[in-house]
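Below is one structure, written out as structure tokens, with a few remarks after it.
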Amino acid sequence: MIRTEHVVKRFGGITAVDDVSLSIDKGSITGLVGPNGAGKTTFFNLIAGRFPPSSGKIFLDGEDVTGLAPHDLFGKGLLRTFQIAHEFTHLTVRENLMTVPPDQAGETLWKAWFMPGQVRRQEKEVAARADEVIEFLNLTHIADELAGNLSGGQKKLLELGRTMMVDAKVVLLDEVGAGVNRTLLNEIGDAILRLNKERGYTFCMIEHDMDFIGRLCDPVIVMAEGRLLASGTVDEIKSNETVIEAYLGAGRDRAAERAKA
Amino acid sequence: QAEVKLGVILGFTGPIESITPTMAAAAEMAMSEVSDSGKLLGGETVTSVRADSTCIDSAAATAAAERLVTSDNVAAIVGADCSGVTGAIANNVAVPKGVVMISPSATSPALTTIEDNGYFFRTAPSDARQGQVLADMMKDQGITEIAVTYTNNDYGKGLADSFQAAFEAAGGKVSISVPHEDGKGDYSAEVATLAATGSKELAVFGYVDQGGRGIIQSALDTGAFDKFVLCDGMIGDSLLEAFGDSLNGTIGTLPGNDGEGATKFLELAKAKGIDGSGAFAPESYDAAALLMLAMEAAGSTDRAAIQAKVLDVANGPGEPILPGELGKALEIIAKGGDVDYVGATGVELIGPGEAAGSYKELLVDGGKFTTVQIR
Amino acid sequence: MSAILTRTRLAYLGIIVLLLLVGVFQSWSVALVMINLCLISAVMALGVNIQWGYAGLFSAGTVGFVALGGLAGVLISEAPVIEAWDVGGAGLIYSVATLAALIAAIFIIMSVMKPGTARRIVMTCVILGGYFAVRYFFDPATDAIEGVNPSAQGFLGGLGLPILLSWPVGGLLAALVAWGIGKVALGLRSDYLAIATLGIAEIVIAVIKNEDWLARGVKNVSGLARPMPKEIALQESPEFIGWIEWLHSGALSTVTGDERIQMLRDFAQQDAGTFVKLIYMLLFTVVLLILFALAQRALNSPWGRMMRAIRDNEVAAEAMGKNVTKRHLQTFILGSAVVGIAGAMLTTLDGQFTPGTYNPLRFTFLVWVMVIVGGSGNNHGSVIGGFLIWFAWVQAEPAGILLMDGLTFFMAPDNPVRLHLLDAAAQMRPLLMGLVLLLAMRFSPKGILPEPIRTAR
Amino acid sequence: MSFLIGKDMRGGYGGADILNGCTIGVDKGQIAVVVGPNGAGKSTAMKALFGMLSLRAGSVTLDGRDITSMSPQDRVACDMAFVPQTNNVFAGMTVEENLEMGAYLRRDDFSDTMAEVFDLFPILKEKRRQFAGELSGGQRQQVAVGRALMTQPSVLMLDEPTAGVSPIVMDELFDRVIAIKKTGIAVLIVEQNARQALEIADIGYVLVSGENRFTDTGEALMADPEVRKSFLGG
Amino acid sequence: MFALMSNFVFVPALTYGSQLALGALGITLVFGVLRFANFAHGDLMAFGTMGVVLITYWLQAHGIGIDPLPTALLALPFGIALAVGASLLIDRTVYRFYRKRRAAPVILVVASVGVMYVLNGLTRFVIGAEDQRFFDGARFLISAGDFKDLTGLDEGVTIKLTQALTVVVAVLMVAALFWFLQKTRTGKAMRAYSDNEDLALLSGISPDRVVAVTWIIAAVLATVAGTLYGLDKSFKPFVYFQLILPMFAAAIVGGIGQPIGAIIGAYVVAFSEVMLTYAYKRALMYIGPEGWGPEGLMQILSTEYKFAISFLILVFVLLVRPTGIFRGKVI
């Protein structure tokens, strides 16, 4: 579905993504993990067209999409969420969601002016869909609140909600779990599985919660210092020495020790 | 008894705000002279109602003029100053409402031809005339090449154009003609360009307290020019106060046909603490004086009646009237006599109601303006 | 929701009351003059609100578009100056053709040659050569044009069409230029965009001021045609007189003879002014209503929602498939066009085109103040802001004089303090204007009519 | 009476109250952990404790002193430190400057503390001259915590310090928090990584709709099936 | 040749640039710390300078002076005090309200337009709209005559005392400000505050203090700039008010929020105005062979477009470097 060839991204002297070639299979839920600053978010930004790579090529569904703008990629069915929530602060939660669907009649000026009937009909559909998403995310009580006034976790939920507003081909999730209540996160995991199974979405998700990754992802890709470190099933990764050293640490045992202390 | 009101609409805020207070004061000086004489329409007093033309904002000026005319019920208007707002007020307020307005400073030739129904006059001559006078003067001085800078509005541009045409017709050469914007912070670029032509003299067509002064200062500072040719807007004592002897040899023109009226006006102004040499101050005095004399001649403050009399009192035949003699003039008119208002600038209104334009040729000598001759 | 509605109604009511007060205490004529300018200001504010309130574009080039609208007034309504076309038209057309050729050449070089030093050198040579080639035709042509009866003409004139046509054309002209500017400058962020547009507006005005062949530059074009007869023509027209007689038949029947003629003349003079102003008011109101309706519908549609989303977070909007650049350009053009229409309306009302008028403080920042005080993002707010600020702008002056008079009434008429204060009364205008502005913002920091939160569906 | 305690706090952002009488306290040498669903008011409670939100009712006391109406910067002077959930770095300043700002009120030499922070978060040392705004999400989080540590506080309040932080750093962080509390500092943490956090907590609060739903030791809460199911993700 | 360029191009542009720089510095500082474009800065300049002018007149009337330096330098502290007082009062009564409410920057911008009008009116109310000349003391450091005598060249270089003074003060001010912002605690606190107000609070930085210090510095800069400008040219409120546009242009070209940027930007604006419209004819005549002279004036662009040019350059700079020469702030 997504394939990159020798993708490099430099910021001044820093090489954030360094010669990454990988592919994400159609219909998979691929996990992307790695230590802080490994270049994961940057890699997402490259795929999603936030900025062009310094070199290398990116393919979406076999088509070369290197350097395309984000809105073009959105048009090709690629959606992404942001690690640091990018909500529309002065729009309500519902409006935030309703903004997402593409090709709304009312987004063309002359239709907005002269074809109010069609616009209204479509608005109803979009609103209904938004309300479904809102309900699913437990945001019903604040559907009319300005998104800027949400709590940190609620904003992350909204990020996720936007990807549920359209039928996407590929969804890039950048740490949707961070700051989200674990019980709710489990439900989100279920939803991701469902979307994957029933609608055939391809997911690629960055996450630091290995339990969550373990439950959803196959395969898992590990990045460190801008490079590809390893890839494989969750269990392979979890037992990979270099990955443990660079990323996972001896977490399990230490937690147990702590509990005793 | 009811007061007679005259509107004074000038740009109290905006680009020429530094010269308008003096203009207004001069106009009001004429009013108080008349009031004090107690001879207008049998003892009426005249008060001024000021309004702000902003010099550039036609819309605000129109609103202000409308207020003067319909709310304050002024009998006539002294103003406005800049040609743009003057045109707007004349077209949209004064002429439709039938109110006389006499502008002391709008010199644009285009105003000559506005459809004014006879209600618009000016005590400042049209630029076309002054350009000719300046050209003649220069020819006499033996100047054959000169650099010109003008304030970038219709006054400056019009004057520069007419001067250039006249000068070149007389065989002179304008090496460069550079506009300057008033109220800006720095004029070194203009002066640098002017200096680069190698001309020895610089003609400055602008305002004495505005960009024109900035140009002269910059020119003196850099030593680019030391002899200037000035138009009427540039003549003022404040220029001499600022630069004094460094201006010696500078020549200029000022409307007026003999020294007497101007001298009397200066004395009067001085007694009142007004800088009578300020740009367009004498014209403002004359504008107000004319209106009041016309009022007396009309025997009423009726607007249309005033209009009918302006030209009568401005031009001969009749007793010549100088500044400070307004009381005397009113008396003569009341007795049915004729006056010929000369005033501070030698007022002589021609055809479409504007000053005929005789000019004094001035020379700066020993840090003072001295009149060389009349043209 | 209903609270907002009441607030809006109250605001309109307040404005109406203010204007009525002007009518009663000053004169109806002044009130009408003010309403007309208020209407134009409201249109301008609407235009700026489209740019800032909808899309968050900090454009400070308003004055340039006002001027372009005004220019349309001249280009449409003035009679063509045939001699000027004769002497300079051909040269001007050659220079335009040369310019087109130059631009074509640039594009060809861009596409044919590879980037590098060679291209840069060729490019520089072509541009320089082209520049002089254009000047070669342009300079003599414009000199000739400017030489045609310079004190009254000296320009190409216009098309001699009805001036009302200049309103849409002014909008189009502004839109066209906005398209060019937008292409270049819209990539800039907030304040940088502001200063760039400010600069471009200065350039536009510099061109209008200094290219005399176009519209006489600073020499002004006065006596523009009107959409209705002039007052003095009306005063003479028998139909109008007849109409006046009918209107004032009551008052006129009490007098006869000369007195009646005099009275009729007075009425005619008075009513001709009112009549003209009323027609303007009607025309302006129609324009405002149409533009307002369109703006309102756009804002409340998904389009408006999308624009607000873009305003809030461009990165996210881009990721949600919105073409931010295109939309920015669209709103920039729309807003500029509205401002251009207002500019043409203003020139029509003034009856003259005076480039010296176009000062950013008056037409850019004052309009901004209108939008912010009214409430950005709210079309009603822009209208209210336009009305209120224009009101304050005009009334601050008499208020200043009144205040000074009031403060010093107890002093002797020739008390120097009193004289100084009265002399300085004109300076009360900015002071009061500033105070009104600060107070208005203090009591409603988000504008008199803040942007509503769209909760209802 | 706890060292720092917000009692029966009520208040919000102007509209309806977000805090409906919740009580949160922590003692010296203790770690208190606050958990709860998104939007429960955890961050709001933290802000209230730090004086960034005016309370309609209830009080905040520090060491027995009522500080309800004290300004945030004065609370810093009282040795309180807070890492907010969002916007918690000076994006336009370098990492080093961020840390220096943490020590703004300190007049002594703080190079030791800085060295300690660099020890804890080695990546920061590497990036000390880079603008914090250019860091990755997790790196920013480390800067934020580092800044708070620079004040050498007696109360340390962390709002989701581990959000977006990689497991290895998270472990380090929790280790460090334990070390900090052992020096007699009161630590108050809001966490969604609730299980790890409750493991080290002396006292835990479950906040729902601005009210205390459960309050117990960390262990006890972990053991409570209802808490696990509804709030800790099973 | 050298003299020519120096007289008409270099010295005036340097002076004008320095004058702009001092003003732009104040604008950039307020922008950098308080995050809004302060339109009232020009009028604050006028207001402070008004104080200087009035005190100067008083001093002159009492025969107090420091010849050959202008008396105004003695009066400067009073003007500064006046401006500082005014800006603190204005902040207290106007800006603080919006700051506390976290109003959007544009609200503050418009509030500053209100302040601009008020100061505008106030200044003229007190001192009038007319031109004031308060310069005394020695006029020239090197006059054309002296220079010719000294060097035997036939074109004289002139440098006015005020020009030298302006340049020196501008350089000193920038150095001091730069040092202050980068190295002192208060300076860093100011940057921190501008970066993230909430977090600054959490670091124990007192916002009131930061804001006060900012206004004090801005007022000092404004008054000094205004006084130097007034000494070199003359004091007229309207001109000060008009200076705001080139000052903004300078601040933004340089990269707003960056002190060095303001300085460089100011020189870019000043030099571009003078150099691009300069007629190079005479200069070329010196370089070229004897008796040779170009046909036209060799002017790149005519002075009509002086302002347009400086803005053109500005637009060009922004297109190449969208946040100014020294990466300025983006809000």
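Going in written order, the chains are labelled A, B, C, D and E, and every chain counts its residues from 1.
In the analysis below, a residue touches a chain if its C-beta (ideal position, glycine included) is under 8 Å from a C-beta of that chain, and two chains touch if they have at least 3 such contacts.
Because the structure is predicted, anything quoted here is derived from the model rather than measured.
J.: Hey, how far apart are chain A and chain B in touch steps, shortest way?
T.: 2
J.: If we look at chain B and chain C, which chains touch each of them?
T.: Output, common partners of chain B and chain C: E.
J.: Could you work out which chain's C-alpha centre is the most distant one from the centre of chain A?
T.: Following the centroid criterion, the farthest chain would be B.
J.: Tell me which chain's centre, taken as the mean of its C-alpha atoms, is farthest from chain D.
T.: The chain lying farthest from chain D is B.
J.: Whole-Å distance, chain C centre to chain D centre, using C-alpha means?
T.: 54
J.: Using mean CA coordinates as chain centres, what's the chain C-chain E distance in Å?
T.: Spacing between the chain centres: roughly 31 Å.
J.: Which integer distance in Å separates the CA centroid of chain A from that of chain C?
T.: Between these chains, centre-to-centre, one finds 47 Å.
J.: Can you compute the centre-to-centre distance for chain B and chain E, using the mean CA position of each chain? Integer Å is fine.
T.: Measuring from centre to centre gives 35 Å for this pair.
J.: Could you check chain A for residues that touch two or more other chains and list them?
T.: none
J.: For chain D, jot down the residues that touch at least 2 other chains.
T.: Residues of chain D never touch two or more of the other chains.
J.: In chain C, which residues are in touch with two or more of the other chains?
T.: Each of 209-210, 427, 429-430 in chain C touches at least two other chains.
J.: What's the complete list of touching chain pairs for this entry?
T.: Pairs of chains that touch one another: A-C, A-D, B-C, B-E, C-E, D-E.
J.: Under the stated contact criterion, what part of chain C meets chain B in this complex?
T.: 25-30, 33-34, 37, 40, 150-152, 209-210, 212, 217-220, 222-223, 230-232, 269, 272-273, 276, 346, 349-352, 354, 356-357, 359, 362, 393-394, 397-398, 401, 423, 425-427, 429-430
J.: Along chain B, where are the residues that touch chain E in the complex?
T.: Its residues touching chain E are 12-15, 17-18, 20-21, 152, 176, 178-181, 183-186, 188-193, 195-198, 209, 213-214, 217-218, 221-224, 238, 241-242.
J.: Along chain D, where are the residues that touch chain E in the complex?
T.: Spelled out, the residues of chain D in touch with chain E are 50, 52, 71-73, 76-77, 81-82, 84, 87-93, 97, 100-102, 104-105, 147, 151.
J.: Which bits of chain E are touching chain D when the two form their complex?
T.: Counting only chain E, the residues touching chain D are 185, 188-189, 191-192, 194-196, 198-207, 329.
J.: Mind listing the chain C positions that touch chain E in their complex?
T.: 52, 58, 184-185, 187-192, 194-196, 198-200, 202-203, 206-207, 209-210, 360, 365, 368-369, 372-373, 376, 424, 427-435, 437-438, 441-442, 445-446
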